[in-house]
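Note that the chains take the letters A, B, C and D in the order they are written out, and that residue 1 is the start of every chain.
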Amino acid sequence: MKNYNPYVSGVFTDTDTSISVKEKYTGVEFAKAGLANEKMLKNAITNAVASEKEMENLSSYERYEILKFIADRLYSERDFFAEIIAKEAGKPLKYALIEVERASQTFMIAAEETKRIHSEILSLDWYSSLKKEAVVKLFPVGTVAGITPFNFPLNLVAHKVAPAIAAGCPIILKPASATPLSCLELAKIIEASPLPKSAFSVLPMNHTVSKPLIEDDRIKKISFTGSQEIGWEMKKRCGKKRITLELGGNAAAIITDSTDITEAVAKCVTGAFAYAGQVCIHTQRIYADKKIYDDFLNKFLEKTSGLKAGNPLQRDTDISVLIDEPNAIRVESWINEAVSRGAKILSGGKREGSYVEPTVLNNTNPEMKVWKDEIFGPVVIIEAYDKFFDALDMVNNSVYGLQASVFTNKIDEMNTAFREIKAGGIMINESPTFRIDHMPYGGIKESGYGREGIKYAIHEMSEIKVLVKPV
Amino acid sequence: MKNYNPYVSGVFTDTDTSISVKEKYTGVEFAKAGLANEKMLKNAITNAVASEKEMENLSSYERYEILKFIADRLYSERDFFAEIIAKEAGKPLKYALIEVERASQTFMIAAEETKRIHSEILSLDWYSSLKKEAVVKLFPVGTVAGITPFNFPLNLVAHKVAPAIAAGCPIILKPASATPLSCLELAKIIEASPLPKSAFSVLPMNHTVSKPLIEDDRIKKISFTGSQEIGWEMKKRCGKKRITLELGGNAAAIITDSTDITEAVAKCVTGAFAYAGQVCIHTQRIYADKKIYDDFLNKFLEKTSGLKAGNPLQRDTDISVLIDEPNAIRVESWINEAVSRGAKILSGGKREGSYVEPTVLNNTNPEMKVWKDEIFGPVVIIEAYDKFFDALDMVNNSVYGLQASVFTNKIDEMNTAFREIKAGGIMINESPTFRIDHMPYGGIKESGYGREGIKYAIHEMSEIKVLVKPV
Amino acid sequence: MKNYNPYVSGVFTDTDTSISVKEKYTGVEFAKAGLANEKMLKNAITNAVASEKEMENLSSYERYEILKFIADRLYSERDFFAEIIAKEAGKPLKYALIEVERASQTFMIAAEETKRIHSEILSLDWYSSLKKEAVVKLFPVGTVAGITPFNFPLNLVAHKVAPAIAAGCPIILKPASATPLSCLELAKIIEASPLPKSAFSVLPMNHTVSKPLIEDDRIKKISFTGSQEIGWEMKKRCGKKRITLELGGNAAAIITDSTDITEAVAKCVTGAFAYAGQVCIHTQRIYADKKIYDDFLNKFLEKTSGLKAGNPLQRDTDISVLIDEPNAIRVESWINEAVSRGAKILSGGKREGSYVEPTVLNNTNPEMKVWKDEIFGPVVIIEAYDKFFDALDMVNNSVYGLQASVFTNKIDEMNTAFREIKAGGIMINESPTFRIDHMPYGGIKESGYGREGIKYAIHEMSEIKVLVKPV
Amino acid sequence: MKNYNPYVSGVFTDTDTSISVKEKYTGVEFAKAGLANEKMLKNAITNAVASEKEMENLSSYERYEILKFIADRLYSERDFFAEIIAKEAGKPLKYALIEVERASQTFMIAAEETKRIHSEILSLDWYSSLKKEAVVKLFPVGTVAGITPFNFPLNLVAHKVAPAIAAGCPIILKPASATPLSCLELAKIIEASPLPKSAFSVLPMNHTVSKPLIEDDRIKKISFTGSQEIGWEMKKRCGKKRITLELGGNAAAIITDSTDITEAVAKCVTGAFAYAGQVCIHTQRIYADKKIYDDFLNKFLEKTSGLKAGNPLQRDTDISVLIDEPNAIRVESWINEAVSRGAKILSGGKREGSYVEPTVLNNTNPEMKVWKDEIFGPVVIIEAYDKFFDALDMVNNSVYGLQASVFTNKIDEMNTAFREIKAGGIMINESPTFRIDHMPYGGIKESGYGREGIKYAIHEMSEIKVLVKPV
C-alpha cells in the first residue's frame, strides 16, 4: 500500500493525519494520503506569495518548457495515471484513459497559449491629435487557490494548474478527499519540472484547515469546481479576491426530427451514462420531438441495454459504481421520488451497494428532483415535445444553465437555440456533455461564474494594466 | 448646362477638352466634364507624393473629422446626388438614393475604422528568455490610384477614397467617362473638408493620358473596379505596386426546397433586375431544386411582370435603360445567341434603343454566353437541379467567382456551400447581389484580386512595419 | 427654483421626500431633487428585468441610434450641462465643460463599440478531425445597477449608462445625493431617445432604500464608483452578481531628470489641483529626482501661485470650493496632522469655509495621512528621490494602485515602471490624473476590481456563450 | 559520394542530368543532385493541383501532426543537417546549427498557428436591423511555388513549406542550385510524414525549366526569396498569381550615445560578419554618434580582430569562405572601388580565393557600391553622424528598406525611428540582422513585397471567403 504526503511548496512533507483512499469498486483501501495541517497551508501560502515575482518574470519560453514537460510526462505515463483514476474514482478505464490524454492536452494548450497571451495597442488620438497610445497587457493576478472535485481528479486539476502556470501565477491546489492520488502523482511530475518550487502545492485538507484558502487576503484568486452550495457561499466569503465557480447542472438535449437519430442516440447514451453520470454536464434531460419520440426512445433503450457494467479496471467496462454508497442511495431515492409522483422507469432503476443501473425515466415533470436538481448519477429522463419552442421552454425550466444541446439540421433552430437557451454552452449535434478543453466552459444562472478553457482561465487569472506612452 | 473641371490637387482646373455627359434615359446632354491632360496628371501625382508625410501624420482624430464631414454632407445632399446619379447613370431614383446613403455610410465606417486600425504586440521570448517584443503596425502605403466604373459612380468611388483617407494615403481618382459628375460633386464636398489639398484629385481622362496612373513608380497602389480584361492587364503593367482588382462575375443563386419561396423570389428578382443588371454581383444564374422549380419560376415571372420600366427620375421606376445602346445591342445579341442554341425566353427578351426588357431564360447550358460570360444586363437564367451537389457544380461551372448564394434552412447545405463554392462571398437566404459596405468584398478566380470593405481596403492600402523593442 | 423627480422606468414620478441641491460655491439652494422610495425602486427593477429581452434583441443599428442621439444632444446642450455641473458640484466651468464633452464622447464611443462587440470562432479539430467549431459571443448579462459619486456627476454616469446600452442591458442609476441634477437632466435626453422606457431609471435614494440594488438577485451586475469602504463591503453583499468597483487612490508621479521640467510641472499642477483634487486619480504624491528637485519644486510653486481661485461659474476660475465644509475641515486636519509630524507647507495650507488653498507639502513620510490615504482635496506632496528604484518603492508604498506616472525619456525606465508599479495604469509623460475615455481604467490592490473604458465595461456587462456547431 | 534525386510528388525520381555539389570550403565535390526536367515539373504541378482539395480538407489536427513530425525530426537530426549546411553552404557549424534549430522551430510555430488561423464574425445590422452576420475565414489559395536562395538553405525553405502546409496548400520548392542538399534531406523527412504525397516536391532546376513555376496559371502563389532583379521581374510575369518577394538590402544600424557600447559592438560585429555577410539583413552600414564614434569604432575593430577564420566544419570558426569565388571577387572589387574614391580600410580588405577578410571601412559616401548596393559579403562601413535626424537620413539614403536598427535608450528616438525609417523592421538595441521566426519579416521600397513570419505567410497563402448567414 502506497503512502502519499502533501506536496508543500515543492516538498512532499510528512504529516500526522491521513485519509484512507479506497478502490471505489472493491471498497478496499489501497493507499493513504496525508492531510495537510494549518501550518503547512500557511507555509504554502507564504512561499507562494514570495514566488510571485519569480513567476511573473518567467519568460514565455520558460513557461512553455515547464508546461510541455508536464504534458509529455503525463502522456508517456498515461496508462499509469489511468489506472490510478480507475481505482480512486471508480472510473472505467477507457474513460480514465481519455481523461489522462485530455489532461496532457490541457497542459499542452496552456504551453502554446502562454506565448500568445493577448495584449493590444489603442491609439489615443481620437479626440485631439494627442501623440500617445495605450499598451494594454495582462499581468498575473497573484497566488491562486484551486479547489477540485472527485469526478475528473486529474483533468479538472489540470484546468486550474495549467492556466495558472501559463499566466505566471503560483497555485495551491486542494484536491477532493475521495481522489487525491492522481493530483499527488501529478505533483511528482511537476516536482521534476523546472517550475519554481514555491509556486505549487497540493494539499489534501479538511474544510476547517482549508479556510485560509478562501479568506487569506494574500490569495488573489479562487478557482473552484464543485457544488453550487459551497461555491456561492465561497463567493461571499472571499473578500477582495476574484473567483471562478464551475458548479453543477442538469443538462438537457433537444432531439428534433431533422437529425440522424442513430447518431443522436449514440451520443446521448454516452452523455447520460459515461462515468455513471457523475459529470457536471451529464445528459440528464432529453426532449424529443413527438414525431420521432418513439423511434428515439426505442433505440436509446436498446443502446442502453448494451452497456457493460462491472469493474472499472476492465477495458470493456462502460459503467461502474458511484463514488460512494450514500450517493448511490441518494440517486435511488430520487428515482423513487419520481416514480411515486408518476414517473415511469423504462430501464434500470435498481441499486446494489454503490452501483446504480443505467436508468431511463419518462412521465416526469419539472417538480421532480430528477428533472430540477442535479442528479450526478446514471439517470436520464426522456420526454416528448410538440413545438420547438416548447422544447426550449423545457430546457430553460431549470435553475441551472451550464450546457444544453440541440440535434438539428435547421439553421433557424440552431440560431434560436443559441439566442434563447440560457446556458453557457449550446451544442449542435453533440450531447450537452461535450467539452473540448480549449473552448470556453462555464455556466450561467446557478451553474457558475466565470469561464475556464485555458485562454479564458488565463484571462481570469490576470490583471489588466495599461501603459500610456508617447508615439 | 453645367460645366465641370478636373479637380487637381485641390483645385478645379480649366482644361481644353471635355466630354459631354448625357442623361442616359433621354440621351440629352446636360453637362460637360473637362478631361485632364498629361500635365494635370503629372502635377496631381507630384503633389500627392509630396503630401504623403502630411497624410501619414494626420491623427486619427483629424482623419475622423474629415471623413465624418464628407459623410454628413453626402447625407444631407442625398437627394441632389441621387438625381445626378439617376441622370448620368440612368439609375432609377430609388436605387440612386440607396447608393448615396450607402456612400455616406462608407465614409462614416471609414471614419470609425481609422481609429481602430489593427496593430498588435508579439512576445519574442518563445525560444529563449529574450527581453524583447515586436510591435506590429500598419503604415500608409503611399499614393493610391483609384479607377472606377460607371455603375456605382458614387459608392464605388467612396470605396476607394474613404479607405485611402482612413489609411493616410493621398489618392488620385479616375472616374468612368460615362459618369464623372457624382465624383466631381464629391470633390466639391472634399474641397470644403479639412483634407490636405494635395491629397485628392479627380481626373476624368482617356486611357492614353491615364497611363502613368498604372506605370509611374511613385504610385504605390492601384485600386481598380472594372472589367477583367483591363484589370488583369493592369496587374502585369503595374510594376512594384500593390493592386486590388474588383472585376466581373456571373453570380449564381441556388434555391433549395427548404426555403421560403416567396422571399427568395423577391430577393432574386431584385438581384436580377436592379439597375438593369449592371451590377458586378448581378444575379445572372438561378438553379432551383426541381421539386420547387415550377413554383419558383412562376412566382419569379409574376414578380418580374410587375416591374415598372421608365424614366429613372421617377420614384416608382424599377428598371430603365442600359448605360448606352451598344451595350443594349450586345445584351440582345447574347439573348439571341442563347435562343439560337435552344434556350427559351420566358419573359422579356426585346430591346428598344438602349432599353432591354427584364429577361428570363431557361433551357440554357454552360456553353452559352448568358451562362458563362458576364452579361451586365437585365437577363437571368433559371434552371432546375436534381441533387444539391449538382447545383454546386453548376455554380462552380464558371471562370468567375465573385459571389453566390444559397436559399436554404439546412445547416449542412450552408456549410457545404461555404466550403465548396469557389467565390469570394457566399450568401445564405440573400441573393448573390447582396453587399453590406463593411463586409469583405472581392472575387476569386477571374473575378478579382484582393478585398475591399473599408477595414480590408485599409489593410491593402497599408504596409506592415515592425518595431522590435525592449520590454 | 427647479424641482426634479426620480426617473422611474421612463417616467419622471412624483415623490414625497426630496433633497435640497445647493450651489456649492454660494451655499444657496437652487433645486430640489425628489428621493425615490422603496416602491419606486421595486418597480424600476421589475420593469428593467421585464425589458431584458427587448434590450437584448435591439440590433446594433438601434443601439447605435440611441447612443448617438444622446451623444449629439449632450454636445449641443454642453453649455447648459456645464453650468449645472458648475453649480451642483462646484466644478470650475472650464473643467465642467470638458466633462460634458467627454460624456458626449463616452456615449459616441459606445455607439461605435456596440457594432464591434467581440466574438470569435475557435476551430475544435485540434485533437481529432472533429468537424465542429465553437462560436463565442457576448450576451447581455441582465439588469445593471450603476452607483456614482459626486465628482464627475455626468461623465461617470455616462461610463455606466453608455456601456450598459451598448451591451444590451437595462440599467438603474443611483446618482450621488450631492449632485443628482446632471444625471436627471441626462434622463430627459434619454427619455426623448428611442431607448425602451423600462430599460433606464435614475433614482436618487438614501442607503436604506437602495439596499435591493445590491441584494436583489434579479440584478446581475453592479457598477460602482466611490469609496473603498463601501465598495468592498458591497462585493461581500452582492450575492451572485458581478461587480465592478472603481475606488480611490493616492496617485503618484515620478519626475526623472530626462524629462522636460516645464511640461511636467504644467501637467502635474493640473493633476494636483484640477477640481480641487476631488478626482480618483488626483495627483497626490510627486517624487522628483534629487538632481532636478529644486528646479521642479520652484517651477511647481510658481505655477501654483498663478492659479485663480473663485466662483466656478466664472470661465477663468481654476480652483474653487470642495463639495462641502466637512470635507474641507477633514483636508485641513490632514494637513495639520502632517505638519505636526514634521511636514513643511510650501504653499497654501489654509481653509476658509469649504475652500482649501492649493497646498504643497514636503518633508512628509509614509505614515502621514497626506501620503498614505486618499486626500480628495487640493493637496500634493513633493519629495526627492535618489535612485529610480527608490522612487518606484515610494510609489508602491501605498495600499492603493489606481494610476501612477513617470516623466522620463528613457526606455528602460518606462519598461521598468510598467512592470514594477502596482497600479492599473502607468502614464509616461502625463500626470497620473490622465484618462481617455476609451482606455481601460481601474485599479488594483485596494483601488478597485474590474475595468471600465466602454469596450472593457461592455465586456464586464456581458456573459460569454459558446455555440458548438458543425462546419 | 552521395547522389540525390529530385523529389517529385512524393517520389525521389531518377533523372538524366545532375549538378555537382561542392564543399564550399575545400572546393571538393561531395554529392550530386539530379536536375528536374520539364516533365517532372509538369507532373509535380498537375499532382499538386490534384491534391488541393485533400490538403484543404486536412483538419488542423492533421496539419499539426505533420508539422510537428517534421519539427521533431529536424531537431533530432540537427547535427546531421548542420554538417550538410556547413559543407554545401560553407556556413560555420555554429551558425549552421542555429539555422537547423530555427528551421525546427519554424515548423513547430506553423504547427501551432494552423490551429489558430484567424477568422472573424462581423455583425451586419449596422444600418438596419438585418438579422444576418458575416463569417470571414481564410481558405488555402491553392498550389504554391517556393523559390529559395543558398544562404539559409534549410530555414528559408522552412519559411515556404511550413506555412504552406499550415495554410493547406500544396507546394513545389525550387532550391538554390548551389545548396540543394539540405532541402532534399528535408524531403526525406517529409516523405516519412503523413503529408499527402502529391502536396510536396523539391525540384532543383535551371531557369529555363522552371519557367512554368512562374507562368503556369494553375499555380496560385509564388513565394520567392532572392535577388531584387529576379524578384521584381517575376512579379511582372506571374499573371494572376499572388506573390511574396523577400529581396535584398543594405541594412543600417544607428549607434547613439545613450546605449551600452560594448553590447552594441558585440551585436553589430555578429550582424556584420556572421556567415560572411551573406544574409539579406546583413549589417552593412553603421552610423555612430560622433560623440562615441571613436570608442565604438575601436571596440568594433578589436572585436573583429578576434574573429576566427577557417573551415566551417570546425566548431570555433566564426567566418569562412563566400559561396563561390566570383562573388568574392565582386566583393573585393567593391572594396577597391570605395577605396579608389576615398574610403579607408580600417580592417581586412583582402581576398584569398573565395575567402574575404572581415572588412571595416570608413570615409565612404552614398555614391559608393559598399553604401548603396547590397554587398552580400563580410564588409561593413562605419560612419559618424552629428544629429539623430542626420543619421535617419543616412539610413534612408538607400533604395532598400528591409531592416534597420537603433541602439538607444531614448523613447523619443525609438518612436521617431519607427515612424521615419523606411524599412519593414526597426530593431531597438539589436543589430538589423535580428530575426525571430514568428515576427513579420519583409521589406519595403526595393527590398520586397509582402511579409513572411508564419502567421503572416499563412495569410498571404490564403484567400478570404465570407459567409453571410442568418443569426
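Things worth noting here:
The rule is simple: a residue touches a chain if its C-beta (ideal position, glycine included) is under 8 Å from a C-beta of that chain, and two chains touch if they have at least 3 such contacts.
None of the values given here were measured: they were computed from a predicted structure.
Chains that touch both chain C and chain D are the following: A, B. Taking the CA centroid of chain D as reference, the farthest chain centroid is that of C. Among the pairs A-D and A-C, the greater number of C-beta contacts is found at A-C. The centroid of the Cα atoms in chain A and the matching centroid in chain D are 46 Å apart. Centre-to-centre spacing of chain A and chain C amounts to 38 Å, using the average Cα coordinate of each chain. Across the assembly, chain D contributes 115, 126-127, 130, 135, 137, 411-412, 414, 428, 469-470 as residues in contact with two or more other chains.
Residues of chain A touching chain C in their complex: 105, 109, 122, 124, 126-127, 130, 132, 134-137, 232, 235-237, 239-240, 242, 414, 418, 423-430, 434, 436, 438-442, 444, 446, 449, 451, 456, 463-470. The touching residues of chain A, counted against chain D in their complex, run 112, 115-116, 411-412, 415, 419, 469-471.
Within the complex formed with chain D, the chain C residues making contact are 59-62, 64, 115, 117, 119-121, 123, 125-130, 135, 137, 258, 408-412, 414, 428.
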